[in-house]
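Next up: some structures, all given as C-alpha cells.
Shared chain: chain A. Partners: chain B in the first complex, chain C in the second.
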Partner chain A sequence: MTGSALAMKPRRRRRIPTPYLLIAPAVVLIATFIAYPVGTVGYFSLFQYSASKPWATRFIGLENFRVMLFEDPLFWRTLGITTAWVVAEVALQLVFGLALALILNRTFRNRGLARALMFAPWAISGVLATQIWLLIYNPSTGIADVLSQLGSPTQFAPLASAAGAFWSAVIAEVWRGIPFFAILILADMQSIPTEMYEAADVDGASKVQQFFFITLPYLRDAIIITTLLRAVWEFNNVDLIYTLTGGGPAGATTTLPLYVVEEAVGSRNFGYGSALTIAGFVILLIFSVLYLQLGRASRREGKS
Partner chain B sequence: MSIAARLQAPAVVNRGIRESVGSRAISLWIPLGLFLSFTLLPFYWMVVYAFRAEGSTLPLPWPLTLDHLATVWNELNFSTYFLNSTITAVFTLLFTVVLSLLAGYAMSRYEFKGKAPFMLVLLATQFVPGAMLLIPLFIIFRQFGLIDSLVALIIADTVFQLPLCAILMANFLRNIPMELEEASWIDGCGRVRGFLAVVLPLLRPAIVAVGSFAFIGAWNNFLFALMFINSNDRFTLPVGLNSTIGEYSADYGALAAGGVVAAIPVVIVFAIVQRFLVQGVSAGAVKG
Partner chain C sequence: MRTTHRALYRAGAITAGLGLLGGLTACSAGGEQQGSPDNPVTITFWDNNAGPDRTPLYEELIAQFEEENPSIKVEYVGIPAADAPQKYETAVAGGSTPDVGIVVGWMVSSLAAQGALEPIEERLADSDAKIAEDAIKAAKGVAFDGELYIAPMTSTPDTLWYRTDLFEAAGLEAPETWDQFYEAAEALTDPAAGQFGFAMRGGAGSVNQLIPVAYSCSGIDEFFEDGETTLNDPKNVECIQRFADMYNVNTAQADVGYGYQEMVTAFDGGSAAMMQHNLGSAQNHIDAFGEGVVAGLPMPAAKTAGERTIIAPTPEGPAMFTGSDNPDAAWAFTEFLASHEANSTWNERTGQTPANEDARQDDWVKENEALNTQIEALSDPKSTIVTSPLYLPDWNGILGEMAAPFQSVLLKDITAQEFMDQWAEKVNTAEAEYREQFGD
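Now for the complex of A and B:
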C-alpha cells in the first residue's frame, strides 16, 4: 500500500483554491470542536467556575493548580492509579496481542474465520464490555456461581475488594484491547521478508532464535508506536472503568480522567475539572516526547 | 515461498513438511483454542443469560425464551434507545464519509500550501481525547442550544471520527491511478463527473470501511451521550445500558438481553468491515 502511494505522487500544481474548498468543512469542524475547546480548557482552568453556582464564577489565576498540586491528595492518588492502569493494560495487551499475531500469522484451515472471531471484541463498546463482564464477575451469575456448583466453598466477589476491582477492570479491558495490538502487529509481521527466515533456517537457527533475532527487531518500530498510542488511549479510557466499578470501591479505581468526568458530570465543577484536564494533557505530552526519545535512542544503540 | 503464496496455500500442504502433528498442536492448536475460548466465552455467557428461561441453570440458552428481549425492548425503553443510537450512528456515518471523501481527495490529488500541517493536525487529534474535552464541548453546545439533542452527538462523533477516516480515505484514493480520471476528462467529463463516474465506484471498499468505522465509533460512544443528553427519551444504547446496569442489576436476563440488543448491529457491521481492519490500522483509523 505504501509502495504504490509513493509511486503515485500528485502531479499537478494549481492556483485555484479547490483543495482549500475541499478541506474547508474538516478544518472548520476541527477548529470549532477540537482546537477551540482545547484552548478554552486552558482559559477555564484559571477560573473558579461551577455550573451549579454560576454566580460565583471569578478569575482566580493559578489557584486551581496550587490546590491540585499541594492540597488535593485525590489528584496524586488518581495519578498513581492511572499509571498502574496504563502499565498493566499496555503490557498485557502487548504480550497477548503479540502472541495472537504470531498464531494468526501461521497457515491453517479457516484462518479467516478465526481472525474475524478473535478480533470481534475490538468492535465492542466499553459499556457493553462492562455488561458482558459483569455477568462473569457477579457472584450469582459468573465464575463464582460455577465454582460453587462445582462444590468450591470459597466466596468469590472480585468487584468488592480494591485489588479485585482493579484487576477485574484490567482483564475486561485486556479482552477488548488484545485485537488492537494483534491487528497492528500482524499487519507489520506480514511485511517481513520470508527470505530472512529461510536464511536463518539454513544457518540452523531455532524458531525461538528466529523470533528474537528476526521478528522482534523487525517489529520494534511498530511496537514503539503502538504502545505509545495505546498508552495515551488507555490513559484517557473512561467508559469501562466508569461503568464497571464507578471508580470504586472507595475510589480504588478512580483514574485521573475518571476524576475529571466526576468533576464535569457529577459536581459540574468546570474550573477545577479544566485544571485537572490541563494536568492530563501536560503529563501525556511529556510522556510521549520522552517515550519517543527513548525509542529513538535505543534504536541508535541497536544499529551501531 | 513468497508471502502471498504462503498466505494462499491450503493449510494441508504446509503441514508435515517440517512440523510433526504433535508440535503443531502445541505451537498452534492449543494456544489458538485458549485464545478463542477467552474471546468467545464472555459473548456466549451473555447469550446464555439473554435467551435462557428463568429458573434454568443449564450452561446453554435452554429452555429458549424471548421474554428478556421483549422486556428490555418494550418495558425498559430499549426500542427508543435503539432508534436514537441508529439515528446518531447513521448520520455520523453519512457526514464522515462525505467529509472524508472531500478532504481525502484534496490530500491525495492536489499539492497545496498547508497540506503537511493539515495532515499533521489530523494525526495530532488522536492525542486529544474526547473525555478531556467534555467540559468545553458542553459549554459550546449549550451556547448553540444543542444540549439534550442528538445533533450535539452527531456533531461531536463526526468531529472525532473524521480526522483518521480522512487519512484512510486519502490512502485508498492514492491507490486509484490518476490516469483513469484523466481519461474521463478527455472523454469530456468534468472533474466532478469524472470523479462520480470513475473514481467513486472504485472507492466502494473505502467507503464501506470508513463508513463502518464511523458507525461503530458513534454507536459505541458513551461519554458524549452521558454528558450532553439528559432526558431518558433521547438516551442512546450505551447510556441506556448503563442506567439499566444501575437499576436492574438483579435482573440478569434483562441485563444480558440489553447487551444483545446493543451488540447485534455492531457485530453485523464488524462482520462487514473486518476484512479492512488491517488496512484501516495501517492508516491509524482503528483506535481501539
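Now for the complex of A and C:
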C-alpha cells in the first residue's frame, strides 16, 4: 500500500481536503445538534443524577433500566397510554383525513376556500389549539354549558374523569391532525391518472371498487409514510396534552414523554429521565424499521 | 493514510478556529460592570407570582428603586406562580438564572443545593434593613444547610377563606373546627344552582395544601417521630380521606383539575362558599366582593375551637443568584425589598405579614383583621406549631410527584391510606438520605 500511495501523493493531496471541507458543516451540525445531545442522554442514563442532590450523583450502570423494566409500574402504564394514544390518533386522523381528501378531490363551487379552511387547524400551534379546546371543555363556558341550557340535568366536566380527559385530548388532537393527512393524500390523489378511472368506468367498476382497486393502491406509499411520521410525532406529542390536561387527572393522560417531563423537568431526576428517553428512542427506532420493512414487503407483493 | 488524516485535521482546525472566533467576540462583553447614571447596569428580577396583583406592585417598587439608585436598572420578568418552580429549575440547569428572584421557602433547598443561590447573611448583617428574628430563623430553616439564602419579605400562613354573607344567611357558625367546616360545606352546597360549599385545589399545588389539612385536623404535633414521618399516621389518613370524600359532593366536578388560579376564580366568582389558601389571595377577595364580605381564619381546630395545630408559615423573599454578573447591584435591590418602606408597602398591598421589624409596627397591620387573627393564632399559647421539612432538597419534587396520586384519591381509584403511605415512604427515604449526608 505504501508504494502506490506515495506515488500518487501529489495528486491526492490537492484533491482530498475538498470533499471533507464541503461536508464539514453538515457533519459539525449533526455532531453538535444530534450526536452530542443523544450521546449525553445515553451517558446520563447510566447515572443516579438528581440536580437537587448533587452530592448523590454516581455511576450506577444499567440500574435505571432495571428499575424501569421491573420495578416501575408507571413506566408500563405510561407506555400503555402512549400506545392507546398513538393508535387512536393515527387511525382516526387517517380515516377522517382520507375522507376529507376524497371530498376535496371532487370539483365543487368554492373548492379553493374549502381547502384553505380545511388547512386552518394544522396552522394553529398546539398551545393555541389547547386554549380553544379548554374553552370548549370548560364546564361553565363550553359544551357542558350549552347542553345544560338545552335542558341536560347533570353538569359535567369532560376533563375531570380519566376516560373523559383521554378522549377529550384525542378529539382535540384529531381535529388538529386531520389536515396533515388530508393535504398529503390529496396531493397524491391528484397524481392518479384519470384514464384509470375512465377505463374502470368502461369496464363497469363501481365507485367503491374504483376506490379499493385504483385509489388505495396508488396512495399506498403516501399512507405508509404519513402514518409512520404521524405515529412518531404522536408518540412524542407533548404540547397539546401537557397544556390541555397536564397528564391528569390522576395520570390518566400521562404518556411516556410526559412522564419524562415529570421526572426530568419536574423532579430534577435527570438520570432516570434520560433512561426513560432512551427507552422511547429505542421503541421508536424498532417500530420505524419494522414498519418500513412491512411497507416494502407489501409493495413487492403488490407489484408481483 | 497520513495525508488523509492531516487533511481532516486541517478541515477540523479551520472549522474550530472559526467557531472560536465567534466565541471570543461573545466573551469580550462579560465581566463585572460599574454602573453610572449615564450608563446604568441592568439586573434581571424574576417575580414568582406574576399577575394583575403583583406585577403593578413590583413595577411601582422598581420605579422607586431606580429613582433612588440611578446607576441601576431593574428588568422585571413576571412568571405565573404555577410555572415558577420549573422556570427556576430550568434556568439553573441552563445557566440562565436572573440576578434576583423571589423564591418561596419550599424551593430554596433544591436551588441552594445546586449552588444557584448566594448566602446573604453577612451582607444582611451590614445592612440597615431590620428583619425580625423569627423570620430569619424560619428562612434559615428551609435551607438544606441552615444558611440564609432569602431575605424574607413575608411568610404565608395557611388560611381558610369563607363568605360571611352566605354563612350568616344560612345561620352557620364560622368554621373554627373541622366539624363546623364540614357541616357548613354540606349546608352551602346546591349542585342544581351551581353552588358548592368548598373550592378544592385538586390540580397543581394541591399536595402542599394537604399538610395543613392533615395536621390541623388530626392534632398530631410532630412531623417526624424517631426519623419516620407521621404523615401516614391513622389519624392523618382519616382526616385526608374525609377531606377527599368532599370532592364532587360538596365541590364541583371540575375541582380535580384546579390550580391556584381556577380555585380563586371559582371562589371569587361566587360558586364556592369556602376556599383554602394562604393570606396571599386576600386582595382578590376584596376586589371581588368588597370589604368585609370574605373573612379569613387559620385552619380549623381538630376538636375544640381555639386549640389549633398550625403548620409553620412558609417564608418567601428575594434571593441573589450566584450566576449574577452584578452581585452588588443585585444586593442593592434585594436590600431595598427588605427595607422598612418597601416591605411595608408590599405587605400592605398583598395583605400579608411583614418580615421587617419596623414594618410590623405600622398602623395598617393593626387594621387588617385576617392578618391579625393569624398573628394572634401563631403567638397563642394554646396553638401547637408543626414544622414541615422544607429543608429536604427532595421536598418540592415529592410534592409534585404526589399530585397525580392525590387526584386518584379524589377519583376514588386509590384510598387515602395508599396515598399517604406512598407519600410517607418518599419522605422517609428523603429524610434518611438527608441525615446520612448532613447528619442530624
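Descriptive notes on the structure:
We take it that the second predicted complex is superposed on the first by the 274 of 304 C-alpha atoms of A that agree within 3 Å, B and C clash if a C-alpha of one lies under 4 Å from a C-alpha of the other, contacts with A are read in each partner's own complex, and residues count from 1 in each chain.
Everything below uses one rule, namely that a residue touches a chain if its C-beta (ideal position, glycine included) is under 8 Å from a C-beta of that chain, and two chains touch if they have at least 3 such contacts.
From a predicted model like this one, the values you see are computed outputs, not experimental measurements.
Of the two partner chains placed by the overlay, only chain B lies in contact with A:Val41; chain C stays clear of it. Contact with chain C, but none with chain B, is seen for A:Val28 once the two complexes are overlaid on the shared chain.
Touch criterion not met for A:Gly295: it reaches neither chain B nor chain C. Look at A:Phe281: by the touch rule set out above, it reaches chain B but stays clear of chain C.
Of the two partner chains, both chain B and chain C are touched by A:Val265. Which of chain B and chain C touches more residues of chain A: that partner is B.
Of the two partner chains placed around the shared chain by superposition, chain B and chain C are both touched by A:Tyr20. Taken together, the two structures place residues 5, 12-13, 17, 20, 25, 138, 140, 265 of chain A in contact with chain B in one case and with chain C in the other. The residues of chain B lying in touch with chain A in their complex are 1-3, 6-7, 9-12, 14, 27-28, 31-32, 35-36, 38-40, 42-43, 45-46, 49, 57, 99-100, 102-103, 105-112, 115, 118, 121-122, 125-140, 155-156, 158-160, 162-163, 166, 171, 174-175, 177-178, 216, 219-223, 226-227, 238-239, 241-242, 245, 252, 255-256, 258-259, 262-263, 266-267, 269-271, 274, 277-279, 281-282, 284, 286-288. Across the interface of their complex, chain A is touched by residues 1, 3-4, 7-8, 10-12, 14-15, 86, 89-90, 92-93, 109-110, 113-115, 191, 194, 202-204, 252-257, 393-394, 396-397, 400-401, 403-405, 407-408, 410-411, 413, 433, 437 of chain C. Taken in their complex, chain A has these residues touching chain B: 1-2, 4-5, 8, 10-14, 17-20, 22-23, 25-27, 29-30, 32-38, 40-41, 44, 96, 99-100, 103, 106-109, 111, 114-128, 130-136, 138, 140-142, 149, 175-178, 180, 183-184, 186-187, 190, 193-194, 207, 229-230, 232-233, 235-239, 242-243, 257, 260-261, 264-265, 270, 273-274, 277, 280-281, 284-285, 288. Looking at the complex, you find that chain A touches chain C at residues 5, 9, 12-13, 16-17, 20-21, 24-25, 28, 50-56, 138-140, 155-157, 159-162, 245-251, 254, 262, 265-269.
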